[in-house]
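To keep things simple, chains are lettered A, B, C and D as they appear, and every chain counts its residues starting from 1.
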Amino acid sequence: MPEVPKDGSQLWSKGGALDPAIHAFTVGEDYLTDLALVPHDCVASAAHARMLSRAGLLDPKDADALVAALGELREEALAGRFAILPEQEDAHTALEAALVARVGDAGKRIHLGRSRNDQVITALRLLMRERLADLAGRAADLAGAFLAFAQAHAHEAMPGYTHLRPAMPSSFGQWAAAFAEGLLEGLADARALDAKLDRCPLGAAAGFGVPLPIDRELTASLLGFSGVQRNPIDVQNSRGRHELALVQWIGQLALVLEKFLWDVALYSTPEFGYLDVPEAFTTGSSIMPQKRNPDVVELARATCRSLRGAAHTVEQLAGGMPSNYHRDFQLLKKPLLGALGDAAAWLSILQALVPALQVNAERAREACGDELYAAHAAFLLVKEGWTFRDAYREVAAELAAKAFHPDRAALKSTHTGGTANLALDAAAAELAAHRAWIDGRKAAQASTVHALLETTP
Amino acid sequence: MPEVPKDGSQLWSKGGALDPAIHAFTVGEDYLTDLALVPHDCVASAAHARMLSRAGLLDPKDADALVAALGELREEALAGRFAILPEQEDAHTALEAALVARVGDAGKRIHLGRSRNDQVITALRLLMRERLADLAGRAADLAGAFLAFAQAHAHEAMPGYTHLRPAMPSSFGQWAAAFAEGLLEGLADARALDAKLDRCPLGAAAGFGVPLPIDRELTASLLGFSGVQRNPIDVQNSRGRHELALVQWIGQLALVLEKFLWDVALYSTPEFGYLDVPEAFTTGSSIMPQKRNPDVVELARATCRSLRGAAHTVEQLAGGMPSNYHRDFQLLKKPLLGALGDAAAWLSILQALVPALQVNAERAREACGDELYAAHAAFLLVKEGWTFRDAYREVAAELAAKAFHPDRAALKSTHTGGTANLALDAAAAELAAHRAWIDGRKAAQASTVHALLETTP
Amino acid sequence: MPEVPKDGSQLWSKGGALDPAIHAFTVGEDYLTDLALVPHDCVASAAHARMLSRAGLLDPKDADALVAALGELREEALAGRFAILPEQEDAHTALEAALVARVGDAGKRIHLGRSRNDQVITALRLLMRERLADLAGRAADLAGAFLAFAQAHAHEAMPGYTHLRPAMPSSFGQWAAAFAEGLLEGLADARALDAKLDRCPLGAAAGFGVPLPIDRELTASLLGFSGVQRNPIDVQNSRGRHELALVQWIGQLALVLEKFLWDVALYSTPEFGYLDVPEAFTTGSSIMPQKRNPDVVELARATCRSLRGAAHTVEQLAGGMPSNYHRDFQLLKKPLLGALGDAAAWLSILQALVPALQVNAERAREACGDELYAAHAAFLLVKEGWTFRDAYREVAAELAAKAFHPDRAALKSTHTGGTANLALDAAAAELAAHRAWIDGRKAAQASTVHALLETTP
Amino acid sequence: MPEVPKDGSQLWSKGGALDPAIHAFTVGEDYLTDLALVPHDCVASAAHARMLSRAGLLDPKDADALVAALGELREEALAGRFAILPEQEDAHTALEAALVARVGDAGKRIHLGRSRNDQVITALRLLMRERLADLAGRAADLAGAFLAFAQAHAHEAMPGYTHLRPAMPSSFGQWAAAFAEGLLEGLADARALDAKLDRCPLGAAAGFGVPLPIDRELTASLLGFSGVQRNPIDVQNSRGRHELALVQWIGQLALVLEKFLWDVALYSTPEFGYLDVPEAFTTGSSIMPQKRNPDVVELARATCRSLRGAAHTVEQLAGGMPSNYHRDFQLLKKPLLGALGDAAAWLSILQALVPALQVNAERAREACGDELYAAHAAFLLVKEGWTFRDAYREVAAELAAKAFHPDRAALKSTHTGGTANLALDAAAAELAAHRAWIDGRKAAQASTVHALLETTP
């Protein structure tokens, strides 16, 4: 349990004492989770200081001192050398205390024209945009891995299943390309989500603005936003809504990848036997010497589900409230940061897994029995003039009589996406475009930080 | 319980009999819910017939007959004159039966090169895009209603709350504009979501393509899609993923509007008293003659929560499965269509409610006590050279001594979004752009249908 | 859209007119879903009338007339001959109108000392207890089917899987008995849940009681409750809480049965091949003549997930509110009744499926390779004095050298629950005790109705 | 990232090397979360050792040595002096390593006849039963606090609300007693839940039993279970199902307490003003000197929602899988332990809050206007012979004419639960019975540990 501050070190302290248990309950784990916010709070605070200075609300020398100190503090935070004391409650209090310690009274001037409410939203929004670009980069790498796998195994047949029953001829290439296409959809979504987050909340203060001539457009621009989230009440109301959108975006990736992981779990059973999970991705049993269990696959699959659980927690916290700030929203930070961290680790491990999967091409080819070609054969009859329904019944009769011998060579799907035309080039081109966007975002984020903290304005 | 077909009328029938209870369980309510799909299935089937004809897989005369019949059937379905018999199981079987009844053998040729799996996904995707445009239109109208309300009450003060405690001066205009801005964000999301859905699944067949020279690009174009969802496995895997994205989009609107509805429920209590819900939106009590209960507000608020529940059902069904089609996905249709219908009714009733709300301007103005200006006053001291922390403590002391008398006239927020600068014009401009997009989508959808069904190709 | 009442027929009407769209939105589908409540409302109303009469608040002749009419109306409702007009909003208004039509002014006296708020909770609680007993009965029958299956296949070996990899010897009997034991746990839970619901809410009125000498203990007793839910505010606050408990109870059954259904889906693939789903439980493909798809299994599995979705909707509506009644709770009825109906159909179809499953005993026996006995063999070495860790490594070495030849006869699990000691008798005894409880509940419910409605008091 | 073990220290190691990233992903945070399991694993392991010894599978001296060491290790774990190394993966590996270090080869013999699969379930079940008793104790204390509050304020009037509108006369006593009654229901549920968990899983091994003459009834008895969870597959299948039941039980408490917290948040606004949250439970604003925010109330309210989120995560992980063990279940531990810890802190803070709440009796009394007595007055007319509907319309007319002057003294609710008859004694008696059960459980748990670890058998 954190120590209780004795001397009123909270931003709002008027000198009363706090009960330790109550203090511990209100602070929760913020003094730990908030560490992730500090670098972003430094950046946002620097923009705020520059704006105050240009608006005549802060002495330019104070602004210079503050920005210099914020640059140092950000470096320290990134290096793990910045601590938030439990009695400081949160990142914002700790940061202001650190500024006062370094630059004296100027530190006390940084909070003019803002509130912790818009301060935390701004830091979170910067964090969310940074993490979104990072996760999108990982998803792009993973999509690339699927495309490479599809290319390498484009012509290796495997049964296509419906209802978990062998249905039609497919291929390892067609299978892997499916996940690439699903991820490409997620990457397009990422760009839309970034646009949704691309409005600066700073200046909303406690949710109703401030009676000072602050320049919200300037801070927005300094922080790399295309525009301002104008309405201060909507700024507060978007707390939770944006977190949910981000975690649900991860959830869409999880819907794509959960199917891949389930497929691997199935196809690597001895009964299916189309894939081998390399030993490095398995563990053993404490009592069964013969076992190699695909633990990585299972844990990654379970992560898809736990990420949905995290989204539900965020949703629970985001909903059910009147407008404006409520302390309830403090609890949003932990599931958000947890989900972001889990998603990053999960995408990385999948990126290692995909190229390591071993294909048992022969076993899969042998599993492609004649009956998989039944629908194809019916289609051929149609080309000869049969109606489809009659052709369907004819082939069914041949199958029943064990007199069905399809000509496999004639049964190739050459349309877009068919086994003989996977259209991997088109997917690669889309991926390249997404990568360019991701690289652009990362560069822009870096240059925003550099312009604010490492050069004089 | 539906009748069991005696004569093998299912598309897949090979002549065996079905147990009635089992048939009833497998059909479920599909023969009712599928009615919503019929018009879209007619359109998609017409595009499929045209494509087959151009690819040499269907006689042009057959294609003409099919398209003509599909045009009639669509009209009948829209007029409520098309029925799906329980023994027909679903819309697709019923449609094929109706075609055979009208155009004979040509009706049996329509199913060449497709499966019910891609047929239902295509109909659903057309339906989802149509409903998305419709819901976006309703959300735009509602945003307009909020902007009009904000304009009308831009200068009427009300307390701004944080933690449900009076915090700072705000206004009815600032309050209403918040919901407009939230909805504008949702409208931008709608455009991204439509882009996500803007890929044609037709041609994926059962999930692995077909060995026929079908032209997927052509059907995509005829159906108004910008492109093809290339990978057939991803087509099947997107079942549920897309439904979820749509219902979660509605959920984002619900997060915006739930706060509005909660605010109205609170602000219209006698204790707050800032708003009156007009009598037409209230009902009475069966035992308390004095009551006028804001039932519409409460039901609309609860709808925000039940829409989240529907999204959870869709999510449950979308997740947890290996790749490809499983019959589990049949259950997706009911929660999807339920949520779409509920959302439309809910947006309409809100559109009626917003302009009808009555503002008690005087009561709200009186509730804006001097203490709301405390932070503002502290900011003013800062402009005179105090540090913010010292100013904060000074005002706190004045408040404690009941010696705090702020100059309200001097305490106006003029920055973007402040009570003296709501920036409604910028919101109106964004809204107009979204409306143009919505109108464009609706026109494009209508013209796609017209080109396919009401003109000769 | 329902017609608007012209003449103020609502219980609370004071004569004003209603907007049709608003009326439609507030009524929702209540006039349909409430039909399920009518029989229970008749019973509860009869108890209320008897109590009023004994308390001197209603003329005994009026009570007799009311009870007689309620008996008739209940019969009509059960026979599907009772309709709720949309303008009547709900079951309670319709019932009072029907009573006035039959017994004149006495009908207007029935609502003394109650409110629709406690009226609906009482009807719902009676409904929930009745449905719980019914569902428990179905679950008991299903448990019986699993036990019979386990008995019949007690000695037929099949591989036991962990991580979806063959792990140890098991049997069809051990497999089926698992679901029986899971359901027995659910049946014990049912009894606890019934005890939770076994408190009568009638008399809470709008949530604060009434200033009349009503006898809540008497109505509780007449309605078959062991006691009174004393606090009227808790009565209102339990709205949603109880519905959730019931749907989550179904969810616990679903967690048991989902695993069974997943197993069947897997074990009936050609790749595993341990089970055949009989043709009556399968359907075909519209384009693949060779397919027999286990649709019933898949739909039943998906129902497990949609039932969880329904619980989430109930939870969304139950949570997030201050005390007392809010109209939000109206929306609880639809997901509750939907889940109850779905659960009944789902348990029935499973009861038909279990005995119909066909076991491929030979295929399963052949799949039990020597390596499944590896852990068992290691245990034997331990009995000879090895440490388990050393034995484990020894067997691993033998396996690697393909020199592992276990003595299967010596490797039987005879402890409770082991393949050689399934303890089916103990399960059957538990089941019999649960059945006795269920039968007792059903008999008590029937006799409560009979005593109230079919005999003179 | 944890270090990779170089020397094959995992229970299943056969000597190969592990990739560090893969190892880190598979271990996750188990080496931290598992610390909570260690004391319970020590107890379960001691019972296992005693059973092996009595069954002739372990030398009695080895058993003595193991039990002695387990007693020490349990003490060390409780004192925070037991560490799990990342390379040890989990509690079970670490415990076995510690045993080998202390008692040599005997340590290698402890794993005979069990698997980590039943080992972890047994430890979890002991933990769950212990925590359930602890949480029930806290809930009982809280129920006691509500009863004391109700007693102290039994006769202080406050308006009763429906639809957030003043409806009928109520009292602070009636209000507080509602939460006591809701918690009593939860305590009864706790007893049923403990019965559900009261079956010993040990001996299920990997899910199919072991070919050794283990005595499952003995271990069950030594561990304080009433019986054995017989079927080993059901043991594995209950993983997640039981965790969910426990977290959903907490969720039922949260549904009760969320309403209390929402009420406090509302009733302590200046607009309602019926309650004051003492300063110790509030915090200030960083920019608004006048604010005292009820942060503790808001955080406790949000905890109700985040606990539901945790249940969703558990549910996601528990569902959607075939029978038997999958590594997916590893992820269950973190949300379970998180929810248990959060629930304990939350119940404690509420226990402090309830007696500290300050009642503004006069303000509340003044808020009870004549109109609250309208329904009551209508009831009186009925006693004089009016029908209720006519009386309702008469009072409505008087109200409209401002001619309604009720006789408050005549309008008292004396039935069970009414404001004049809160029946607190009955609640106190139920509470005492629950406390006795809780004390009994705690004593039984302590004596089980004592018998196993601190005495010779």
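Rule of thumb we're sticking to: a contact is a pair of C-beta atoms (placed from the backbone, for glycine too) under 8 Å apart; a residue touches a chain by one contact, two chains touch by 3 or more.
None of these values were measured; they are calculated from a predicted model.
Participant: Going by the touch criterion stated earlier, list every chain that contacts subunit C and also contacts subunit D.
Facilitator: Under the touch definition, subunit C and subunit D have A, B as mutual neighbours.
Participant: I want to compare two interfaces, B-C and A-C. Which one has more contacting C-beta pairs?
Facilitator: B-C
Participant: Provide the C-alpha centroid distance between subunit A and subunit C, rounded to the nearest whole angstrom.
Facilitator: Distance between chain centres, rounded to whole Å: 38 Å.
Participant: Nearest whole angstrom, what separates the Cα centre of subunit A from the Cα centre of subunit B?
Facilitator: Centre separation, subunit A to subunit B: 24 Å.
Participant: Distance between subunit B and subunit C based on Cα centroids, please, to the nearest Å.
Facilitator: Computed value for the inter-centroid distance: 32 Å.
Participant: Which positions in subunit D are in touch with at least two other chains?
Facilitator: As it turns out, subunit D has residues touching two or more other chains at 11, 14, 111, 115, 162-164, 167-168, 205-206, 266, 285, 287-289, 291, 293-295, 298, 305, 308, 312, 315, 319-320, 326-327, 375, 388, 393, 396.
Participant: Report the residues of subunit B in contact with subunit D in the complex, numbered from low to high.
Facilitator: Answer in residue numbers: 162-168, 265-266, 269-272, 285, 287-295, 298, 319-320, 371-372, 374-375, 378, 388, 392-393, 395-396, 399.
Participant: Which positions of subunit C touch subunit B when the two form their complex?
Facilitator: So the residues of subunit C in touch with subunit B come to 10-14, 16, 18-19, 21-22, 24-26, 28, 92-93, 111, 114-116, 205-206, 279-281, 283-289, 291, 293-296, 298-303, 305-306, 308-310, 312-317, 320, 326-331, 335, 345, 348-349, 352.
Participant: Hey, which residues of subunit C end up touching subunit D in the complex?
Facilitator: 11, 14, 57, 105, 108-113, 115, 117, 160-164, 167-170, 174-175, 177-182, 185, 188-189, 191-193, 195-196, 203-217, 228-238, 240-241, 244-245, 248, 251-252, 254-256, 258-260, 262-263, 266, 304-305, 308, 312, 315, 318-327, 375-376, 379-380, 382-383, 387-390, 393, 396, 410-419, 422-423, 426-427
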